[in-house]
Amino acid sequence: MTRRFALPREAREFTAIEDVSFEISGGEFVSIVGPSGCGKSTLLGLIAGLAPVTAGRITLDGRGVDGVHPRLGFVFQRDALFPWKTVAQNVGLPLLFRGVDAGTARARVADWIARIGLTGFERYHPHQLSGGMRKRVALAMTLVHEPEIVLMDEPFGALDVQTRNLMENDLLDIWAQFRRTVVFVTHDLEEAIALSDRIVVMTAAPGRVKAVYRITLPRPRSVTEIRFHPDFGRLYETIWKDLKDEVRLGYERNRHGLAG
Amino acid sequence: MRPVVLPRVLALSLIAVLVVGAAPPGEPAEKVTVAIGGVALIVYLPTMLAKAKGYFAEEGLDVEILDIKGGGSQAASALIGGSVDFSANAIDHAIKASTRGKALIAVHSHVRLPVMGLVVANKYRGEIKSIADLRGRPVGVTSPGSQTHMVLGFLLAKSGLKADEVKIVGAGGNTMPLALEKDSVHAGMMVDPFFTAFLKQGKGYALVDMFTTRGTLEAMGGEVQGTTLLTRPDVIAKRPAIVQKMVNALVRANKLIVASSGEELARALPRELAGDPALYAESFEHAREAFPPDSLVSRDGVARVIETMRVFDAVPAGMKLAPESVFDNRFVQKALGRK
Amino acid sequence: MATSGIDTVSRAEIRLWRLGLLAAFLVLWETATRRGWMDPFFVSQPTALAGQIAGWIRTGFIFRHLAVTLQETIIGFLLGTLLGIVVGLLFARWETLARIFDPLMVALNAMPRVVLAPLFILWFGLGLLSKVVMVISLVFFVVFFSTYTGIREVDRDLVNNARILGARPRHLIRHVLLPSALTWIFSSLRTSVGFALIGAVVGEYLGSHEGMGWVISYAESMFNATGVLAGLLVLMAAVIVIDVGLKRLDARFSYWKPIAK
């Protein structure tokens, strides 16, 4: 089982996050929510090893984070597909980088393209696909090399509501199949509750952990249906109380131009 | 302090008034422009000397000399286009213009020889002994289509070589010595002062020397008309007085040249023109014969130039061109008669 | 007439208009020189130009000189492009290099290299080499700057994504940096072709024994305006042909771009 144990950290000249510390168990789906500017994206970047920690430590599976961890996957907010490559080439890229032999790679790529429901689109280029389709390719690309930890930075933010719901369901389906650890950053509390096992609520900048909630809703879930579960509303109210203050705080700060 | 300064100021203003007032009254000098492609070349000596000695001014002319970087062709172009009234040019340019239907008339002969030499780089001393040995080699001329180009063509033809049996390269006038040194060309047509300097430094030897009458006769088989003062027919028609005055000054200049030594001439010219006076004197003495005492344009000389230009089809085979159409000695004759 | 302002003129119509304009221009030119409104000595005339070019083609005269110029242009262009891409890559990859050399690059680029032509001829002789060097000096900077910019402009997310996916530095260069820079490089190629030709022609003009620059220089000293213009026309045609080729190449490499009209 993989485990992450995090300690206080900061970043850059102004303190993005301060004194954040929590643990994540292997196979958990954890969401991080917070107001804009609370540093949740920064946090993800730190975990991914894309940026250095100013103070504190991140350990993955007992080992410290030093640069990009090879067993990690990351889905970006904006499409990070390579526009000059086809769908198949995009999905196969991580395998190419890791030196997987051509035959195995081909098979796995085909498998994943089928899983995201894009069979027949192998030779298409990103610009020929819709937003939702691109997101699915991004997912496949991230998961094809079977990372142990998947980080997702507001991946569905740019999609329209219907597509978003579909994608969320797809995500849950795929996740159910191999149960890796997922750290999911979002500002959409409903989405977070619908998807996660636990939710970490962050304060306004400089971000701290305000509270951690366990989501006790049963699995498997359907994103659209789970809203009507009696516990959903209660959970939402509770967590929203914490989040609301931070959101307002963040908004006020921005209005008055405070850097925090 | 005051009483001392006032008289001084008074004195100065008095002197100023006197100086201004003392300027000779009379007609203001007439402005004339002359284009020359490279004023340092010795072939332009008559014009440059006339200016340095004030002969133009004494004729009531304010002559402005435009040193055209593009060389002779550009100077002639300026004349054809009308932006200058005169140009000091090889007669070749008048002939070329004539083939294109534009008339340019030579009214004064600066030099009556080509005043150039065919120089070979020293390293080929054993190999290149005659013009025929130039076959297949790169040979430099100052620029494509220039007088040096035409003359070279004539020399080649006379030795039985066709123009494309030699690689004729435009190597510039003042860059010719360098081109020879760097072996970009094996031989080149050189003008002075480069010719004299180059040979003096022992960097090369001359296959053909057309600075002297004998050398020219040997190489070209007869007289060759060189640099002249060119002008347009409309200038002659509308402002004959100006043309006459120009020619008067130039005839005086030629007379002075043939009567002077190289050192005297070097001293008469501005420093930047004469350069090293000793070298200038030497190169002048070498070319002394080229300057015609009578300043007259030679008909035979012009005819021979026309023939040299037929080699390159610069004068097309079928075209008849009468030498008389490109020169007019009346002004010189009048100037001589006045003497 | 359409009131919305949308251009409803078809492509065929536009072509017709263009041809018509050209024809009118030529007719005017010819008439002006025949009637004496303009002097053909200075501006030549369409019939003379056509005759000159036809004569050149018939005798094969022009092919030899055009070949020489194109040879110089293409060799210099390829070398300059290669150099530009390599150096651009190096500088984009190693920031410190870029910072050290930046003022030098800007200064060198600001120097009008055309003015350096006589020096190049002095240093490299009157043959092919000096013209190739001339071309390289012009092409290099254009390609270098656009490669450098193209690589720096690469989407940070793409680079990060590649790294997370496990890309090694050579992977990054091959799969991310170069393809991204390629658009920039291609657009710069079309500009630099024009420069390349200019470099070759100017070099020939100042010192050579063959090539289009030589032809034009010779014609000029012979007061042959027709020759000069004809030479220019031939060069123009050459550039157009090369440009069409490059456009095709660019299209072939831009298959992944969204179609923008």
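Should a chain be cited, it is by its letter among A, B and C, assigned in written order, with residues numbered from 1 in that chain.
In the analysis below, contacts are C-beta pairs under 8 Å (C-beta built on N, C-alpha and C of every residue); 3 or more make two chains touch, one makes a residue touch a chain.
Given the structure is predicted, the values throughout are model-derived calculations rather than measurements.
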Farthest chain (mean CA position) relative to chain C: A
Per-chain CA centroid nearest to the all-protein CA mean: C
Whole-Å gap between the CA centroids of chain B and chain C: 40
Centre-to-centre distance between chain B and chain A (centres being mean Cα positions), rounded to whole Å: 85
Distance between chain centroids, defined by C-alpha means - chain A, chain C (Å): 48
In the complex with chain A, residue positions of chain C that touch it: 155, 157-158, 160-168, 171, 175-176, 179-180, 182, 255-259
Residue ranges of chain C touching chain B (in the complex, touch as defined): 41-42, 118, 121-122, 125-127, 206-209, 214, 217-224
Chain C-facing residues of chain B, complex: 71-73, 76-77, 80-81, 93, 96-97, 100-102, 138, 140, 143-146, 149, 167-172, 175, 178-179, 182-185, 314
Complex contacts: residues of chain A adjacent to chain C: 48, 50, 68, 70, 72-74, 76, 78, 80, 82-85, 93-94, 96-98, 125-127, 141-142, 145
